[in-house]
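Note that chain A is present in both complexes that follow, paired respectively with chain B and with chain C.
Right, the complex of A and B next:
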């Protein structure tokens, strides 16, 4: 009876196509994961070779994905420019700069002074400036925090931030011994560290669970039912 | 001369001999007996019988004289053909009346429905008394008032006697059960079978009794066993079921002292005899018989004759002893004596003699006269009664049954009196005796055995427990049905006489236009529903909702807030001042030694302990935005490494990492921290994120075999020839601002480092997430942000970028603290003030 049902199940063309695709992809994923995992624990030459081979393939795919991303950005911005959308000129500028840099890099190599000049003149100051503006923005937000969301949570947040700031650097008028010597290390190294530990442990356990689910075929992020 | 009868349906004339109209096949002669007068109360025959007949006649004021005349005229011309006679029908009607208590034979022509009320039974004898007492005119009126059924019935049953005499005994007609049944299920045609006994005493119709003596009363064998047995002398009173209308007569007082003055020109002869007959003059009967009409007495005589000559098996008609008015005196006694029912010894001798003397009793002629009377009365009734709607047919039933039975055979034949009332009727009519019901026309106070039996039967019936209806049925019953029947008396209904339709002439029927007051009038349906106040509110609300669907809602206006540009400028100026002033004044600020973080001390130890010309791998995985902080923190470390003539090999998993690495190297050179040129090898960009890390950690020479210069550094002895894996490096320094990147590197390189220390230069924001790895021993040392770099420089005794940034950093940090404090308080007070204002507005 089970075989008959299985036959009927597979005889359906629609069901058959979907299941075949799913089975193949799932099989490849599981096999690859097992090979890499076992290669970590069992030092079998063939497994080591296979693991290295799979990792190389993954590296190549990841690098190609960056190239794919660059192409995607180019297509989107070109479409914005050609469709006449707002800020389409900026998309064109983006594409020009990107391809110019790409060309120079391919020609001059990444370490060429021109390449460095472009980076140091444009990208680095822009990002540094944004970081500086961000500090002012956070300061203004801290000023208005109690006005917009008055509450004990906001007060606690601000008090904690003050303590950390005070403990980080001594004041021009001198160092506060309690704050710098005890309070700030206690907050940073005890309270914060304990929280961080919990987060890291949770992340590790989640990654382990996800890996096992992929190996077992429970999760199929690569597609298929 | 034969009178024509006008058909009620088609209005065409046809012979009165016919029972059915040849044109439209409707019945010509009515079958229904006239309803009793208004004086009758209720439908209880016993009660109705107790009403004085004279009172009824006196109460009748609406007799139709013309109708009476026609009835009398037609009465004279009763055909002799028994087949055409419809005498049987009225007898069947008698029987029907006795069962349903609705019909009352009107034996006295001229009686009216009003006279005798509605549905009362056994009134024909009472009518006799009433008519004779009130006079001829009243009788005429009564007779005209009737619908002819009474006269017809009288004629019919008398005619039945005639037919029974004339009909053949040998006719083995259909059993009684096969005869057409009336509504009550009893077969009235047994009377059709009854034939007068040959040679019986007969009288002229003028004598008031139209009873034929021709023929016998039918075959005894045809009678049911009960009747047959009864003919043998069994107690007829026990077997006969007396009609109710006969029972009623028992209670009536036949005051026949005053004869009813009939119009001899209009009333038939027998009726004339009734009128002229005055008790006790000219009458040999005693006082008891004085109460009886003459024709009844004659019938009694005939019955006696029938009883005498019953030895040949003549079927004996014995009517049940119902509530016949026993005011007829000894008439019933005569019959009873002849039939052997009444025990001897009673005062019947005189009666017996009188009966025997009535030898001239002509049953046949009397029946014929009655029949003609019936026809004529019915026709005249139908023709003269304008109120009768055309097409009105007499209710089928006993009359028609009698007619059919009469026409089917000349002789009564056998009677299977096995149904209903027939079963209770005695069998053979041995002699021309008065039927049992006539016997009861005597002192109503004297109850015969039959009456007792009836009473007993009534008691038994009453004793029958009524079925208990379920509660839900009882709830459904109308209120009227729950009330005792005595309470439900609609006097108005009894008074009403229908004039149109098939029930014309009947009293006590539900009028068409009656009870309109009690009729439940339905309220007119209102097109516009009437809504209550709450419903109207809901309707309005619903309308608003529907209207709001079509109208787009205006977005809520944002809360208008004051411009934050001024505050931003103020804060910016303050910060700039806090940062620039220390630089301008070049105010050095030393960091106390107690503030050296332990992770920085470890880094200092490791770097200080690195041998010269050792390969050190540096991984630049930070972004341009954090380059200032990390360069300030790592410049001293890189300077020390350069001063140790280490072979710096760096790579990056970020596309901008290599450029930042070069920027750092240039800054170190510009600061003069390094005394020699650095020996730097760029392995290049490591793609694949975690996979790349894992691949490089597993086999770095395979993953990045060539530097960015195209040199196979892993094969060059001056670069990385002695380094085959990560464990070949003297140290691995990771520069990153992202805790995730740090975690990945830690996880991937942990198993491949061996004894190689892993050092980190991290941003202050990633310190909390990386410290656990330091505390767990996975990271050997860590320099965190500008403070860590300052501490490292101070510990190394050098002055680098961190020293130059430190004063500005500290002052700026102090100003930020003050701004947060004062700004927080200012915001807190502002929010409280706003709350108070809103509360005041709400109040």
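Right, the complex of A and C next:
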């Protein structure tokens, strides 16, 4: 049965081509992953050199991917504009501002006063306004939390957030002795920090097994099953 | 090699050996896993999307692959691999968004291969897999129209998200869709907990693909994670006792 399947795979030029592509990409991923991992732990000159070479290639590829990503953003937004969608005008504005900023950056170089002006007067206020919207969003989420998830976990979450906020916010009557001096540091530095460390340890262990699954070729985020 | 490097090599080698052993043991075993309500909710939402002819949206976050946050992005891509098989029968193909170009390109590749496998064609629309922004907030702002303009009923946020996830979640809730979210970032997890009905906490982010598409290696890696977690707990406990006793 296995031989029959293999025969089918290789006798169909299209499937055979794709299968070969998958084998090659999997082999490259496993081999380069192993070299980088071993080169990280074992200081053999050739391995260390190979590791840094592979990492350099990865950085160059990542930079090239940014270029492809910008093309994707451009194509999607141009198609929104040309298809007459309701947000098409914003798409056009995005494309114009993106290419004007790019052209100015190439001509004037980063650090030029005009570039600083663009970032400080447009980019920064826009991002800050989104941050302000976010604070309102969090407030609404907190109000809806008890409706969505009634229970002691939500109550603990809200009470803790409230205590930290009250402990952090400046008060016209000076610092609350119990809250600012004891309760807030205890919650933030003991309870929250230990909980966060526990979660990070769990995430770290899961990331380790995830990496090994990729090294084994069991997970192929670069395509293929 | 110093002791720290030796311990690290030992941990990686032990984990690799354990995964291989458990993958062989669990080859024919019936999967037995604890219930994660968020993943059950996701399964139901996927069924509803397929039946209702609506779209599923997966947001992969902004974790650069050549950074420690890359693992979360890879977990998102692994889930995309599983999701794309599960919902191939839907009338509307799924859409993905990301804040990192490498994730965007890899997601296109996965969708293309899934199409080839199930529909016999590699063609996908460039709108199906979008890079929506290159900074945290531009990514969140760019993802909002993807959710609101594409007849999306199920939103899955899996990857590296910070507080900007709040904007995406708000848009998803306003759209009356089901949202399941997980992040490797602590502040992102707090935002997700407050904004969704069911959220995934900590390492549950890495378990989604196994829950959706069972394979022996995935099942083995979950078992190994549990073993390692008990090992870490034992180490912390022994370390605390030794510290209290004045030995270290």
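In this section, the second predicted complex is superposed on the first by the 179 of 225 C-alpha atoms of A that agree within 3 Å, B and C clash if a C-alpha of one lies under 4 Å from a C-alpha of the other, contacts with A are read in each partner's own complex, and residues count from 1 in each chain.
Simple rule for what comes next: contacts are C-beta pairs under 8 Å (C-beta built on N, C-alpha and C of every residue); 3 or more make two chains touch, one makes a residue touch a chain.
Owing to the predicted nature of the structure, the values given are computational and were not obtained by experimental measurement.
Shared-chain residue A:102: touches no atom of chain B or chain C. In the superposed model, A:85 makes contact with chain C only, not with chain B.
Once chain A of one complex is fitted onto chain A of the other, the partner contacts of A:53 are absent, as it touches neither chain B nor chain C. In the superposition on chain A, contact of A:200 is made with both chain B and chain C. In the superposition on chain A, A:150 contacts chain B only, with no contact to chain C.
By the touch criterion defined above, A:115 lies against chain B but remains apart from chain C after alignment on the C-alpha atoms of chain A. By the touch criterion defined above, A:209 lies against chain C but remains apart from chain B after alignment on the C-alpha atoms of chain A.
With both structures placed on the common chain, the touch criterion links A:44 to neither chain B nor chain C. Of the two partner chains, chain B is the only one touched by A:171; chain C is not.
Shared interface residues of chain A, touching chain B in one complex and chain C in the other, are 55, 58-59, 61-62, 66, 126-127, 130-131, 140, 142, 145, 148, 196, 199-200, 203.
On chain C, the positions that touch chain A within their shared complex are 1, 5, 8-9, 11-12, 15-16, 19-20, 23, 64-66, 68, 71-72, 74-75, 77-78, 81, 101-102, 104-106, 109-110, 112-113, 116-117, 126-127, 130-135, 137-138, 140-142, 145, 149, 163-164, 166-167, 169-170, 184, 186, 189, 191, 193-197, 201-203, 205-207, 209, 215, 217-218, 221-222, 224-225, 228-229, 232.
Across the complex, chain A meets chain B through its residues 51-52, 55-56, 58-59, 61-63, 66, 109-111, 115-116, 119-120, 123-124, 126-128, 130-131, 135-136, 139-140, 142-148, 150, 155, 158, 161-162, 165-166, 168-172, 175, 180-181, 188-189, 192-193, 195-197, 199-200, 203.
In the complex of the two chains, the chain A residues touching chain C come out as 18, 37, 41-42, 55, 58-59, 61-62, 65-66, 68-70, 72-73, 75-76, 79, 85, 87, 126-127, 130-131, 133-134, 137-138, 140-142, 145, 148-149, 157, 196, 198-203, 205-216, 218-225.
Contacts from chain B toward chain A in the complex involve residues 564, 567-568, 571-572, 575, 589, 591-592, 594-595, 623-628, 655-656, 658-659, 662-663, 682, 684-685, 687-689, 691-692, 694-695, 698-699, 702-703, 708-709, 743, 764, 767-769, 771-772, 775, 787, 806, 809-811, 813-814, 816-817, 819-821, 823-824, 826-828, 830-832.
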